[in-house]
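These are the structures in question, set out in turn.
What follows is a pair of complexes built around chain A, which joins chain B in one and chain C in the other.
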Partner chain A sequence: MSSSIENLVNREYKFGFVTDIEADTIPAGLGEDTVRAISAKKHEPAWLLDWRLKALRRWTTMKEPHWGNVRYEPIDYQDQVYYSAPRTAKPLGSMDDVDPKLREAYDKLGIPLKEQQVLAGVAVDAVFDSVSVGTTYREQLAKLGIIFCSLGEAVREHPDLVRKYLGTVVPYSDNFYASLNSAVFSDGSFVYVPPGVRCPMELSTYFRINAANTGQFERTLIIADTGAYVSYLEGCTAPKRATNQLHAAVVELIALENATVKYSTVQNWYAGDEEGRGGIFNFVTKRGKCAGANSKISWTQVETGSAITWKYPSVILQGDNSVGEFYSVAVVNHHQQADTGTKMLHLGRNTRSNIVSKGISAGQGNNSYRGRVFVGPKAAGARNYTQCDSMLIGNRCGAHTFPYIEVGNDTAQVEHEASTSKIGEDQIFYLQQRGISKENAVSMIVAGFCKDVFKELPMEFALEAQQLLGITLEGSVG
Partner chain B sequence: MLDIRDLQAKVGGGNDILKGINLAVKAGEIHAVMGPNGSGKSTLAQVLAGNPAYEVTGGSATFDGRDLFGMQPEERAQAGLFMAFQYPVEIPGVSNAYFLRSAYNEIRKAHGEEEVDPLEFLDIMERNLALVDMDQSMLQRSVNAGFSGGEKKRNEILQMAVLRPRLAILDETDSGLDIDALRIVAEGVNKLRRPDNATIVVTHYQRLLNHIVPDFVHVLSAGRIVKSGGKELALELEEKGYDWLETPAEAVA
Partner chain C sequence: MTAPVLLRDFETFAANGGGSGPSWLLPLRRQAIDRFAALGFPTPKNEDWHFTSVVPIAEGSFRAVPDAPARSVRLGRADVEAFTFGRPDWIRLVFVNGRFDASLSGGATPPTGVTVTDLATAWHEQPDVLERYVGTVADFQRTAFTALNTAFMHDGAAIQIAPNVELETPVHLVFVSTPEAAGTASHVRTLVVAGHQSKATVIESYVSLGGAKGYFTNAVTEAVLGDGATLTHVKLQTESEQAFHVGTLQAHQGRDSHLVSFSYAAGGELARTNVYTRLAGEGCGATLHGLYLLDGQQHVDQQTRIEHASPNTFSREVYKGVLDGSSHGVFNGQVYVRPEAQKTDGKQENNNLLLSAQARVDTKPQLEIFADDVKCTHGATVGRLDELALFYMKSRGIGAEQARKLLTYAFAAGVIEAVGVPEVRAELEALTLRRFTGALAGS
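And then the complex of A and B:
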């Protein structure tokens, strides 16, 4: 065979640049002093400092989890920087006050922050290392009573809301990384949509890790009050560095009665080089609670970056008739490893969940789907449908599925379907014979495989996600 | 247009399957390539289209003066070479409309022409769908996925109609078709015939040639063209079978 499907891809990671900006950094290491210093920098109230300290004490008693199907060298948590902020970051009168260097960095990422040229129809909160550097469209949203700001600001300006909901979905004691995050979280986004309000635009946070040896520990809290609707998108990139960087975020979503939260992620953290050197360790806890009846939480994720991805966006289906959804595309190439999936916890009656997972493995990448569907004794009439498909590109990659199903109510219906396929030389040649290049042929086949997930993304981002996938897989077919 | 000299090729690591093919095709001509199963007809078609699973071990081929074997498969397609597959491939999740428009635009781009937008393309499709008696619903279906055998073959002809190749190679487009589908396919090919394009019809049976009348018929046996003639040759084969022509490779060597 003159050509085999191996080593499809290698375009440069185009977000790998470093911005040279003076930073205010707390030295590496983690102890009560670190936590107090972070809290002091952010002028936090005492209750939040106490909460952080409880989390830290809890964390010191916990062990790093190793049940994920991923391998990596031990992480020295004392060798990490837990806080780094661009020195010029301060509360801004207007987006036009953003430091030009930061604005330039976001321009390069395709995220304009200048008021005149903001992304049409999308409000953006830009988080650079540990802090938010600006949020667009705030005033328009405020007129509707929608709060969209950094979590730091929310603590100062809406302390009651934050205190009421923070940690109610992911408690500080939840797991190793969530506890770590609770102790040292720096910034992230906060969204509150008041009763009956439908948020008229996409809200979005763009996370950027810039500084070396610095972890990003952002925390996002989104609340849709009774009858409210919000769609939120998260994007992320980081410079190319030879050492691994830690990212341990927490996202909490709350949907009250009749409310809907749609959360989409396009994750493109630096993945490391072809030999598997460097890249982001992405250990993330994302969970939503359908607290009220008829509420809905929908997760859509396109995971193309990171050296290691460990995340399970989940939904607690507490309200009767509530709906949880998880649509996922996870791509690994070279030496990337992903262990991702979801948990759907059916507690209320007639709760429904839908899981669609598409895993693509190329190079020597290793991709695992891990899912748990739990139906509690009171969840009469609960239904779950899970579809879990894997696509292999080449012979050296891996795909695995670990579905766990526990049903405690015999009126529940749970269905699971799984498939594994190989991208075919014959498919690629067929498209080439019609005039389409090999690279575009692979993108097209993969996009077709992911169609059921892409159609859940907000329109503006579906195309971006498709292109990103093409770039990640470039060169994976020789 | 196409000039093949002493072409030798193999697949899957074994011995040569094509053992020295000579064939010249000029604009405006229809050539039929016939021969028993396993004689190398599909191998010839695949090698001309550039399937990387096949290896050219000797000889040459030019297409409009260009060295065919120096071109990537997509470059050959962009230069106007089209192959209707004996076994069309399924691409789940990719709509026929999107696939065909991408192909159409890639070929236009290669010729320095403007891409067409989805609406313009719909007009083009409507005209061509009628040619193969297919309705619009097939545009939204995934490429060949879940198509019946006959639908797959008609979809190949639809693609040919849209892409308007200079040289079309139809690899057993007739096999597995009932008589109505056969007529639709043949009419499609006939309507697309122009003085500046050419067609190579690869077939095992004579019956397609009742509908598509070839200028030349070549008989392939064990990797060689053992006889060439006019359209009467097809009828002669129909009557006598292939046995009277077959020359074991060893006997010649």
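And then the complex of A and C:
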């Protein structure tokens, strides 16, 4: 390993700083009191508190799932803090009212909260620990009837919409982490695009975990009404801490007739150090429902962070002719473990799904693709194409593929292809022979390997994802 | 055959001496039954049994009768002629309801360096060889059905090929079930020891006679391949469609050895075939082929696990399934590459053809890779007959039904072609044709 690469390996996680800000935190532990306290802090209506309590009661009867191909020390759910919010005196009138310390934190992350500095055409909702600290471009969006705000605000201002859709895609009883989230979710984003409206800009949420020993349980709900279109981006970072932190989010997408939702994630939670100490446990339930005919939901994810990732963005293809897409790049280095993939549930006629998954394993990381393609008896003419490729860098890492293909209709056509191989030495040799350094050769090959996924990302994210990938893999080729 | 009943049956069996056999056998049986008691019958929560429920077997009243007298049923050679499709000079062992029947067996005398013995005889004649291998390859620690077989194994075959011996004539083991088998379980066990640089072909047929039904076959074959050995193993499972079958082939391969396996499954109400191999020696490899043809209410599950444990090992796998009626097919293929198995070259393919709206298939090709310098691919497809091809054939004057038959047969034939023994290939072609003619006649 050349010394310059070694330096890069030892380079610190860029987003590992801690913002020292006064916070309103409830004591650690989980019980009905915790749930009531969170609900009271957010001035929630009774129906939502009831829903949370139902979820909590369900959760206490559930067992933590261990079928994933990941190993970790048991989590003490009573030792977590379920709510932590930066202390602000008054409700925000405009973005200028955001605490300067918070703004500084977001500036460091490269997320400008001041509208004039925002990259043209991206509206940002910034979530800091348990609450949303500000949303940009709200007025312009409101003129088109688009609602983009924190979920907490939506509960207060658009209770009917929230009540109608919350939990319809991921019910409170769905799985262990989804139930936990339903009980204690703090904040998240809410998007509603009215019929026939094409959202003119990318909507984006930036999640930041700051406080120690605090779990982040955000919940995002996006609804595209008939004929609407929305593209949504999500980014996340957390400080470097020696202990593991829990992140159990839920994302629900709903696309009505002829609507399209595109959801992109660049996940860069703190991954732990080279020895595997610390890092975020990322246990996330993301699911979309193509409820109407001709609707489309597309997931794109670039997973580079987190000590452990357990995440399966899925699509329920209920409407006839609906389309589900999943494009993923998952990178593990050092001691990271990722068990990620997708579920495509074909229920309607002529539904189509496309899965492209690229896994890169380096260091002692373990990367698993776990996917399910289900074709129900009524899904005549369903079509699925799956491709999952893995690349291995070094001989202490692992790459695994667990595809489940369940077909119950004879008119369906399902194809699955997977390959695993080493980064091509002949390719590196060729590039070196053309005068390109080894490091650049590797990053070119990796970029080429991931191209099919990156081209699905919105422009703002594609660049960031490329750089992120470079940083994550630095030093893994000697 | 619920687990407690089985445990009681075992105690009775053990009290009567645990069948006759060398002194080390009973402790081995005891170890296996204890393991079975701990494991219990697999449930769909067990990842390897996710799509297959063994409730009908677990709740069925199949009693293991390891000490039943042999030859309780009398069959003539004419009765089994239909199943002994090979040349007369093959080495043939016939088992009726899990018991060796010397009068039906025969064929060629094994050449020098080759011994083919029924297991009951082998316990006495070759106790050392059996002690060395039995239970060492077929893993009963993880697999409940193998544990059960190890506890109750009563008959089967012991086949030994001395180093450097090439056995030209195949060994054909025919396991026949008759109506008398109803309500019983037969735990047959076969051991194949192929010495270094040896070559052999072993064919196992599981068949039923005279409307036999309601029985359970739990067969285990363990194979040890010495350095440079080549073993061809063919399994033809055409049990009664009202019977249960669980069969396991588990192999351990030495350096530069080659296991060639073909698994044909068309019988059974609930049937499962496991083909497991450990590529332990450097440069060895496995070629696994399979064909499953289902109809009616059948549920047939094909499992394979190839463990690449040494450098420069290879595996090639093609399994094809044709599903008609309301049948349910399952394929689960695992390729496991250990960190030390650098330069592994693995290819796996599973193709399924659905012929009816009620048929269902679950397939799970699985790669688990811990070494970096490898080349592994897998593919799986599910679909129906190509409309364009059907149309083309119709436009050339071939009737719709004939066209369907031809295309379906062509799909299956692709994997039959891989069989090296001409007689077996011919038999498979005949079986496949018969299957489709029968299946299509009613449609």
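Here, the second predicted complex is superposed on the first by the 459 of 478 C-alpha atoms of A that agree within 3 Å, B and C clash if a C-alpha of one lies under 4 Å from a C-alpha of the other, contacts with A are read in each partner's own complex, and residues count from 1 in each chain.
One rule holds in what follows: a contact is a pair of C-beta atoms (placed from the backbone, for glycine too) under 8 Å apart; a residue touches a chain by one contact, two chains touch by 3 or more.
Note that the structure is a prediction, hence the values are computed from the model and not measured.
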Touching partner for A:E275 - first (chain B), second (chain C), both, neither: neither
Per-residue touch tally on chain A - higher for chain B or for chain C: C
Which superposed partner A:E73 touches (first chain B, second chain C, both, neither): neither
Which superposed partner A:G408 touches (first chain B, second chain C, both, neither): second
Chain B versus chain C as contact partner of A:G424, first or second or both or neither: first
Partner chain(s) touched by A:I436 [first = chain B, second = chain C, both, neither]: first
Touched partner set for A:E139, first chain B, second chain C, both or neither: neither
Residues of chain A contacting chain B in one complex and chain C in the other: none
Touching residues (chain side chain A, partner chain C) in the complex: 67, 375, 377, 390, 392-422
Touch list for chain B against partner chain A, complex: 49-53, 55, 72-74, 76-78, 82-83, 85, 88-94, 98-100, 102-103, 106-107, 110, 142, 159, 163
Footprint of chain B on chain A - complex, ascending: 1-3, 424-427, 429-438, 440, 444-445, 447-452
Complex interface listing, chain C residues touching chain A: 47, 50-51, 339, 342, 352, 354-384
